[in-house]
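Take a look at the structure set out below.
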Amino acid sequence: MKIRTSKFFIREGIGSLRKNKTMSAASISSVIAALLVIGIFFIIVLNVDYAASNLESQIEMMVYLQDGLSETIIASMGEELKSVSGVKDVQFISKNQALMDLNEKWGDNAYLLEGLEGDNPLPDSFKVTLINPSEAGSVALSVSSISNIERVVYGKEELNKLLKATYILRVGSLAIIAILIFISVFIISNTIKLTVYARRREISIMKYVGATDQFVRGPFIVEGVLLGLIGSIITTILVAIAYYYSSNFIKNQMIGLLSIELMPMKTVVSSLVLLLTVVGILIGIVGSLLSLRKFIRV
Amino acid sequence: MKIRTSKFFIREGIGSLRKNKTMSAASISSVIAALLVIGIFFIIVLNVDYAASNLESQIEMMVYLQDGLSETIIASMGEELKSVSGVKDVQFISKNQALMDLNEKWGDNAYLLEGLEGDNPLPDSFKVTLINPSEAGSVALSVSSISNIERVVYGKEELNKLLKATYILRVGSLAIIAILIFISVFIISNTIKLTVYARRREISIMKYVGATDQFVRGPFIVEGVLLGLIGSIITTILVAIAYYYSSNFIKNQMIGLLSIELMPMKTVVSSLVLLLTVVGILIGIVGSLLSLRKFIRV
Amino acid sequence: MIELRNVSKKFANGHVALNNISLNIDNGEFVFLIGSSGAGKSTIIKLLMKEHETDSGKIIVQGKDITKLKRAQIPYLRRSIGVVFQDFRLLPDKTVYENVAFAMEVTEASAKEIRRQVPIVLGMVDLSKKSKQYPHQLSGGEQQRVSIARAMVNGPSILIADEPTGNLDPEMSWEIMKLFNEINLKGTTIIMATHDLNIVNKMKKRVVEVSDGVIVRDEKRGGYFSENQNL
Amino acid sequence: MIELRNVSKKFANGHVALNNISLNIDNGEFVFLIGSSGAGKSTIIKLLMKEHETDSGKIIVQGKDITKLKRAQIPYLRRSIGVVFQDFRLLPDKTVYENVAFAMEVTEASAKEIRRQVPIVLGMVDLSKKSKQYPHQLSGGEQQRVSIARAMVNGPSILIADEPTGNLDPEMSWEIMKLFNEINLKGTTIIMATHDLNIVNKMKKRVVEVSDGVIVRDEKRGGYFSENQNL
């Protein structure tokens, strides 16, 4: 193919977008609409996953110590704990601290603790956070082999529940985004099919005056790329704006509410640009080529 | 308009769907895809709302009684509580029961309660569930005027958090479904626009041989109705099947996990049928008419 | 009666297709519209059926100034005029029969009437055998005859034919001319744009010659060329 | 050389358009294809350019049996034949200039060549002034001439014209025929389906008459009618 021909394809592709205004507007806006659905869902999934990871990382393991250990022993135990593989962080909580925490936590029922101050029955402890909560079992096993430890407690059931819940959330949201991507791809390629259909006569004329299949396809590929590119750029901008405002709204509403954080704007937008551009352009091209097949055979 | 003409419209509308197979297939499947998005989201929103209501209804108010009241007084107090407006249900919890509950709840820390059995410091109480959790404040006020009551406790902060969380969930999911309905409507009407565009020449020919606008529109309206109808029926079936399987999956995964229930199949499907049919047919008709306007003016 | 009074038409691209033309056609007349390619014949026809707006001047059809016609009235004007289009304008998704029937359907004619009338006109243009075919399955001349059948099916009081024999062989052209002559004798006004010099010369009807958007000749019983300037 | 050997064509609807026809056309010949409407003239042309598949028989164009041509080779066959289509087949979104240029673009001709050649052929068909117009802004005859210009622009060794003067006035028709004669004298084989009896009678070229799918007459220097059977 000569350079001149590529230039012709580009000129034709752009020209066709410009000349068929009704059709271009309809198809680009359908592409935008479909990508928007992917975009919105992608953001929701990203945040759900982010929140799930956040929640999971809040799972902690309590390591209760035997009574009356010296500070040096406790310090060296802390070091030892930190070196256990799978442990992210270790924090010491003295028995006094523990009672104060309990006091605060129980609130209305705290009067039950009255009188315990003198003879605090609570043990010293380490609060251990884990790199990967699902490894809690094996970490607990390693930890309990350390000497001077009374008990290791990590809310096995609670953890399992949480892991299961985040699993359902992740699977569910991935399933939904997969369906939505499928639907969007479908809609975009259908839209392209209709625009090609509307030009079936022109395609046959081109063939009748001696154009090769490749020559007919060229401008459609260019048009597909442009369609996808324009669609994905506009969609990314729309989603970024929407995310900016809605994340602000949610943040304001949620002050001190849940320990859920939203993903930062930059991360979201940069992954979106990539996803949408690839999806948009790919469907633009593939959709054009597939739809052409039927009408190009004359 | 004569009956004969309506018959002609119906015949033409159906004929046009059948003759333009490529176009009909593309547009119906785009309608299905777009309605599918609405359908999936509608179900998610229904269930989120359902879960939120469930959670809210689990909010309860504890009414602690003074010590040493006779059973008859307690019984009459129960009656009195039930009659307070805004109260849904009242359940008596004796001080022994309360201790047992606490024992169970604290699990690992229950050894702290050892020795309390003899001199149980917990009071008798009523557990009050509310019709509308947001009325908790006023209910608490009314309740505290009843004699022999020590304290009314209802986790003001917890309640506020929950209400706020369900509010965000509801607003968020409504916003998303509104956006998705908008997007779907947009995609469907764009699809219709493209099918009308592909037939612009035919439309002008009809006008040139003396057809009134109404006469050209007739078959398109019929076609729009059919498009919407077929699309919504297929979508409803698809969504119902998907809901059946995925709700089973979620239920299995969630056994004993969360107190969230899914909405029953029947409720979901019946509201879906209505929503999708209305949306589908309406867009089918309105979309056709709007798209025609440009080409009918010859 | 059809009257064009100082009619001009300038297209959006600036081309002046008709420049201040005036023309009177009585009821029941048979008029050939001739002139070189691009002279403005089709433009006159398109103004008569309101396919284009007139820029200035008046066009009176059956007593009404159609340049002032409301949009909703246009279909009724078009029904009273049968038009054979130069580019046929058949509906691609309809069979020959349905294409002709469609012109009756728009008038809300009864099913019975349609079933009676359509086969008659299809027979007139010798297309009875092709009634179930779609336009893309027809030859050029067959498509042209469908367009002729459709123009005649409602028995319009005015028949306008734009180059109706361009794709027909001489015999078939004569058949069509006989047909036109017959309905003309029954009172239908006929305006026919044509390049067929044999037809014009033999029919000896009124000839209106358009050149570059103006009427340069109007003869009661004229030939294709004005003063015997043969090829 | 073009050779049809026992060629038949039956359409999907069962209509037999060509029934075992054979025909030899030498390089540089000028052949009129005549016959009544629906006889099968366009079908012959469409088989030559592989718009339809041949049912049986062989069609040899420039030494190759095109009935066996691979799909990928068809465009090259079509480029070697310039075709004036009965229904014009102009690209609606391209101007007159672009429509003609397109036939050169597909051959990957250089920009310079295109800029040189297109205005020349547009001049030949008297459309220089209309080069920037879109097809819908042209009269019927102007569209037809664009189709003629496009068929000639690549200087094909075979020119096939299907009713190329159906929308042209007699003078313009003669201009076109002079053009065809010129390129024929330069060696181009010309096959022209036509209904124009004046042209056929005056040109005195080879006449092949088709009737109901069979060749009923093939005269070296014939007229439109075989034995003086005038209208």
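In order of appearance the chains are A, B, C and D, and numbering begins at 1 in each one.
The definition used in the following text is that contacts are C-beta pairs under 8 Å (C-beta built on N, C-alpha and C of every residue); 3 or more make two chains touch, one makes a residue touch a chain.
Everything numeric in this text was worked out from a predicted model, so none of it was measured.
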List every chain that touches both subunit B and subunit C.
none
Among the chains here, which has the CA centroid at the largest distance from subunit A's centroid?
C
Could you work out how far the Cα centre of subunit A sits from that of subunit C, in whole Å?
67
Could you grab the centroid distance between subunit A and subunit B? Build each centroid from C-alpha atoms only and quote it in angstrom.
25
Taking each chain's mean CA coordinate, subunit C and subunit D are separated, in whole Å, by 28
Chain adjacency by touch: line, ring, star, complete or other shape?
ring
So which chains end up touching which?
A-B, A-D, B-C, C-D
List of subunit B residues in touch with subunit A within their complex:
22-23, 26-27, 29-30, 33-34, 36-37, 40, 44, 108, 111-112, 116, 121, 153, 161, 164-165, 167-168, 172, 175-176, 179-180, 183, 186-187, 190-191, 193-195, 197-198, 246, 250, 253-254, 257-258, 294
Spell out the residues on subunit D that touch subunit A in their complex, using ranges where they run on.
49, 51, 71-72, 74-76, 78-79, 83, 85, 89-93, 102-103, 105-108, 110-111, 150
What part of subunit A is in contact with subunit D in the complex they form?
1-2, 4-5, 8, 15-16, 19-20, 202, 205-213, 215, 297-298
Listed in rising order, the residues of subunit C that touch subunit D in the complex are 11, 13, 15, 34-39, 41-42, 86-87, 133, 137-142, 144-145, 162-163, 166-174, 195, 197-198, 202, 224, 231
